[in-house]
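A single structure is presented below for examination.
In this document, chain identifiers A, B and C correspond to the written order of the chains, with residue numbering beginning at 1 in each.
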Amino acid sequence: MEKTSTDAFPFTMNSSEKQETVCIFGTGDFGRSLALKMLQCGYSIVFGSRNPQKSSLLPNGAEVLSYSEAARKSDIIIIAVHREHYGFLTELTEVLKGKTLVDISNNLKINQYPESNAEYLAQLVPGAHVVKAFNTISAWALQSGALDANRQVFVCGNDSKAKQRVMDIVRTLGLTPLDQGSLMAAKEIENYPLQLFPMWKFPFYLSAFLCVFFFFYCVIRDVIYPYVNSGKDSTFRMAISIPNRVFPIAALTLLALVYLPGVIAAILQLYRGTKYRRFPDWLDHWMLCRKQLGLVALGFASLHVLYTLVIPIRYYVRWTMKNRTITQATAKREDPFSTSTAWLSDSYVALGILGFFLFVLLGITSLPSVSNTVNWREFRFVQSKLGYLTLILCTAHTMVYGGKRFLSPSSLIWYLPSAYVIALIIPCIVLVIKFVLVLPCIDKTLTRIRQGWERNAKPTLNGERYLKQSSVHLDSEL
Amino acid sequence: MEKTSTDAFPFTMNSSEKQETVCIFGTGDFGRSLALKMLQCGYSIVFGSRNPQKSSLLPNGAEVLSYSEAARKSDIIIIAVHREHYGFLTELTEVLKGKTLVDISNNLKINQYPESNAEYLAQLVPGAHVVKAFNTISAWALQSGALDANRQVFVCGNDSKAKQRVMDIVRTLGLTPLDQGSLMAAKEIENYPLQLFPMWKFPFYLSAFLCVFFFFYCVIRDVIYPYVNSGKDSTFRMAISIPNRVFPIAALTLLALVYLPGVIAAILQLYRGTKYRRFPDWLDHWMLCRKQLGLVALGFASLHVLYTLVIPIRYYVRWTMKNRTITQATAKREDPFSTSTAWLSDSYVALGILGFFLFVLLGITSLPSVSNTVNWREFRFVQSKLGYLTLILCTAHTMVYGGKRFLSPSSLIWYLPSAYVIALIIPCIVLVIKFVLVLPCIDKTLTRIRQGWERNAKPTLNGERYLKQSSVHLDSEL
Amino acid sequence: MEKTSTDAFPFTMNSSEKQETVCIFGTGDFGRSLALKMLQCGYSIVFGSRNPQKSSLLPNGAEVLSYSEAARKSDIIIIAVHREHYGFLTELTEVLKGKTLVDISNNLKINQYPESNAEYLAQLVPGAHVVKAFNTISAWALQSGALDANRQVFVCGNDSKAKQRVMDIVRTLGLTPLDQGSLMAAKEIENYPLQLFPMWKFPFYLSAFLCVFFFFYCVIRDVIYPYVNSGKDSTFRMAISIPNRVFPIAALTLLALVYLPGVIAAILQLYRGTKYRRFPDWLDHWMLCRKQLGLVALGFASLHVLYTLVIPIRYYVRWTMKNRTITQATAKREDPFSTSTAWLSDSYVALGILGFFLFVLLGITSLPSVSNTVNWREFRFVQSKLGYLTLILCTAHTMVYGGKRFLSPSSLIWYLPSAYVIALIIPCIVLVIKFVLVLPCIDKTLTRIRQGWERNAKPTLNGERYLKQSSVHLDSEL
């Protein structure tokens, strides 16, 4: 945009005199950034400041007045002042009556105050309509065009007209307003920018525990046992060999844990004979973080793939192969080719590749922009049908990996079975229960329950219960 | 959100008395979920029910009345009842006059009834404004916050004011309304949640056919022929070796089929001497599913990469290499190093990697959220220029793979050429035609046709035809 | 949508008589496509044409009139005519007074005219409200449903009511309007569809330079030197071996360049003692293309991974290993196993895998749809904390790769050190400075500066400066 064009076509700006005036209390960083952006989008800006003369660094075109003078100029006042300094607003109650106050403040920690800043503001200035907005947007994002940043602005407030006007401003600034309801939602909105992946906490700690446990389990079997038994130093195995056992175990276990709450829910519904009773809280929470569990599992599976593919590059592997060849060459002895070993080795690898491929597909469809383009039937097809297929392939991959050694006593070390045997427990449980659940007789009962039928209830009186049966079925199935 | 905050600041809720009242007919699952969500967003809810006394499980704060009483309380009535039970609405025609009826129903199969449910409703209650909405949203998504789910709500209706009000409600619930026009679109909207990847059907069946055909083709050459000829059991090749021939063939063929309709369209336009005649339907459909064809091809290419990278891990490969080394060591004979073989082997691999890399780039730019951030010129650059470069690299990769054996008679088995030779047919045709089309003389004619010039037409009278020439050029080019 | 349904329910269409009429000047490709789409969405369309009788190919349902007659029928007139033909509009000034003119035109090159087409239009028809819109949408996307295409429509104009009406139309067509402010933004909007990845230019040229430089550097060391010294032909190394040195070097250098501007900015702020002075322009531009730099680096890292994983498949590698084995077998000599080499080799690989894994995570979170679901704190955590961890892992990977040879004089060829030693310079500088910056004493000062404290300033008078301190801290940190 060339500034000179303004001179060349002076009337271009003439017709914009109808532009709305917005008042901003406070001349801090965020107030100034917001003012600059609003000026660019055609608003008039009046700053309210304690010391209008001393305010500096303000964007060109903005006026600076005292608080009460500035407030009189506009119906919408953005409060760009820290909560601790809200006190001065009580003196302005008269001026602010009926105006829209936009609370944009954030706190330094979650639940810092008993009530949200916006509710506190509404208390201080009873006659005004308080709207919470803009607190999730950063000053830097506003200034730099916000192209990469989160454009969602959560908005809440009790007065729907005031809220609507603020949402219009948000839209004009090129951001996306999300109406969150009444001012009671302000607390959640204020906590939002302070959160650090709350949905990922359980999957993260669970997978950290799994990794640590299986790491030491494998260290005992693969490092300490050979050292104790034959004094062999295998510590170097801790860099690749052991992680490459831990990661697939973690991946398979977490993937099974994605589908376990679904079968538990089905058992509960069968046992209770109704779907109209809430699940226990732990089950609800578990079901809500299945996506995160699945993605962490995908991360481990990807690491397993990379660790596996570098095997032939490793010094240890090349050294072993070379020496084995030299030994045999010296002894002039050739191994006979075993077709069954070739079958086992190839199908183990093929199952793993196909399982991983489907797993990546599942991950891609869970990207927000992709899942937004599929309908519920498609989403369910991918996440449920393809998901179970992935679980089956990965479980089979692990079983065939065991091959002939599977459960053989010779693979026990200090009475400890191989780690992959332990990894198979949860997936097998899930698959067996799921297999029972899809048996026609049980599936029929379950479907009826999910369509609203209750074992111990009078027959329903009208058709309302059955509405949306397909989507409900689908949901509980997920 | 803490409930106690309501007590602490009683006036917080006072000003929300202006909230809109919405009536919901039917107390089924979806009606209740919608009511709960709307209550959270500040609406008042009145349920209409046949048996107001017997309705249970309703969310706190919602009133339950008889149908006619409930309808009188609100201008917007959401019909959360199955189509089969719409009958009772005819008795309420008087009460519903001028009101907005929101049809949210779904069917159990595509085109279940001759007319859409919404049109049927409009017929039953002639005086009301029927709007179709919410049918693509699931009850579970509404309850659980809908963060992962598809937030798009398709809306259609004949009365634009009624439609606008419903779209405002959709926006307030944090969902994205998409105006689909008049009520004639209702049938499509009702079919939408029942669809299962309609655009993927043709690519899926095509690739399934390609896979099966080439699988058996390779089985004949690599398993049956050695068995017949020398009694050798090579069945284990069906796990990895043969899929790793089938997948790259399918990938290359499908990738070429992405660009074939474009060159056919260009030939048609050159032949007809105008762009103002519709393409045959099959060509239109083919062009619309190019993205899906390309993504399926990318899937096969990824599988090919994984299958190739595991080669050195396979028992068969390690056994072969070891025995060959032992044989040579026993014979005390060393192969001389062949620079030309090294060149062939390395450039074949390098071409494959670069082709796959570009292919993945193409896949990433086809993600909805990425393609939304590029303009048409950039999208065309990636999909057309980079796309053809990918096709050239992958074709070259396949040709160099053949290397010295390419088309040599010794590689014929039972008169069947190697599978990769067949895979090269379509890509080579596409590349040759494309090469002819970009020759200056032909390209010039084609560009003029795409800018609106017609071979057998009077010269155009004004400049309108030439408007948007660049973007049109680009589109047909894709 | 079945046309027959219109006959079956004649009243379905009756109530849509309130539909808005839109006038389109010009019957070219884009005008017709827009008309078709608008008709589908329930608008009435009137075309204005110089020769109403001769216009052909117009969509059913649209009327064609002379310019002035058509203009009288609607308040909104879409000018689908090339800028060169705008002349005739001056004759219609009287008719167009007070109406909304939508300029949808594009140019053939960036900054083709001194003023934007929309501003030129506003000059020609002084009494009308000119709104710029739709120029980024392609005719083909409108016709084919636009599902894959960019749905963003940039809108700007001086009259906010006219702009609002146009944005409503955009929304009704299922597209996303983005308000860009006054008509002064039209130039930028008109340039937008002509841009070709402007943000990627600097990263692209920089990485091209890095690749070319290091390619020739490696050619000198690995191809020319052996040829000059011993007449050995190693040209085949240019296909894989040398790219596989160039790519990781480019990746590591670019990754370090992502974090270099951040530490330079911190040093500048420490030196100046304030954050209230603008950074030099080159630093600003550099900071704005960090995402692109990082993604290019990720591309090179991915290529490095693929090139590394195919190593055991290469003829040269297999030949070398086989011959070394044969030589040793003939000599009946076995290498002893070196635990320290195993440790070095395995940890070098493991560091690389973990670094690449985190790098891919960074890439995924920079997808627009993913970054839109995280708040600033989470975004900063990923991009800053995980980003530095990636840089540390990749730098360590390169250092351990050097292992015992690192900086040893024997690896100098013609006084040139190994390429990877050069690659380590920038990452080490960044990491050392960053390490100094996070020392408590310096970090404290920096944090105070970023919270608004100024070394040479009077103490601030009120709390405004401190508002949003957390997000500001975060921004400068990124």
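Some points to look at:
Methods note: a residue touches a chain if its C-beta (ideal position, glycine included) is under 8 Å from a C-beta of that chain, and two chains touch if they have at least 3 such contacts.
By chain, UniProt protein names: A, B, C = Metalloreductase steap4.
Small disclaimer: the values here were computed from a predicted structure and weren't measured.
Residue numbering shows that chain B and chain C use the same positions for less than half of their mutual interface. Fitting chain A to chain C on C-alpha positions gives a rotation angle of 120 degrees, to the nearest 5. The distance from the centre of chain B to the centre of chain C, each centre being the mean of the chain's C-alpha atoms, comes to 23 Å. Residue positions 309, 312, 325-326, 329, 367-370, 372-373 of chain A each touch two or more of the other chains.
Contact residues of chain C toward chain B in the complex are 1-2, 5-6, 8-9, 11-16, 18-20, 26-31, 40-42, 49-51, 54, 57, 80-82, 84-85, 105-106, 108, 136, 138-141, 144, 148-152, 171-174, 192-197, 233, 235-236, 239-241, 243, 299, 302-303, 306-307, 309-310, 312-316, 318-319, 322-323, 325-327, 329-330, 367-370, 372-373. Put simply, chain B touches chain C in their complex at residues 114-116, 119, 122-123, 126, 129, 147, 158-161, 178-185, 187-188, 276, 288, 291, 305, 308-309, 311-312, 321, 324-326, 328-329, 332, 334-335, 337-339, 341-347, 349-350, 353-354, 356-357, 360-361, 366-379, 381, 452, 461-468, 470-472, 474-476, 478.
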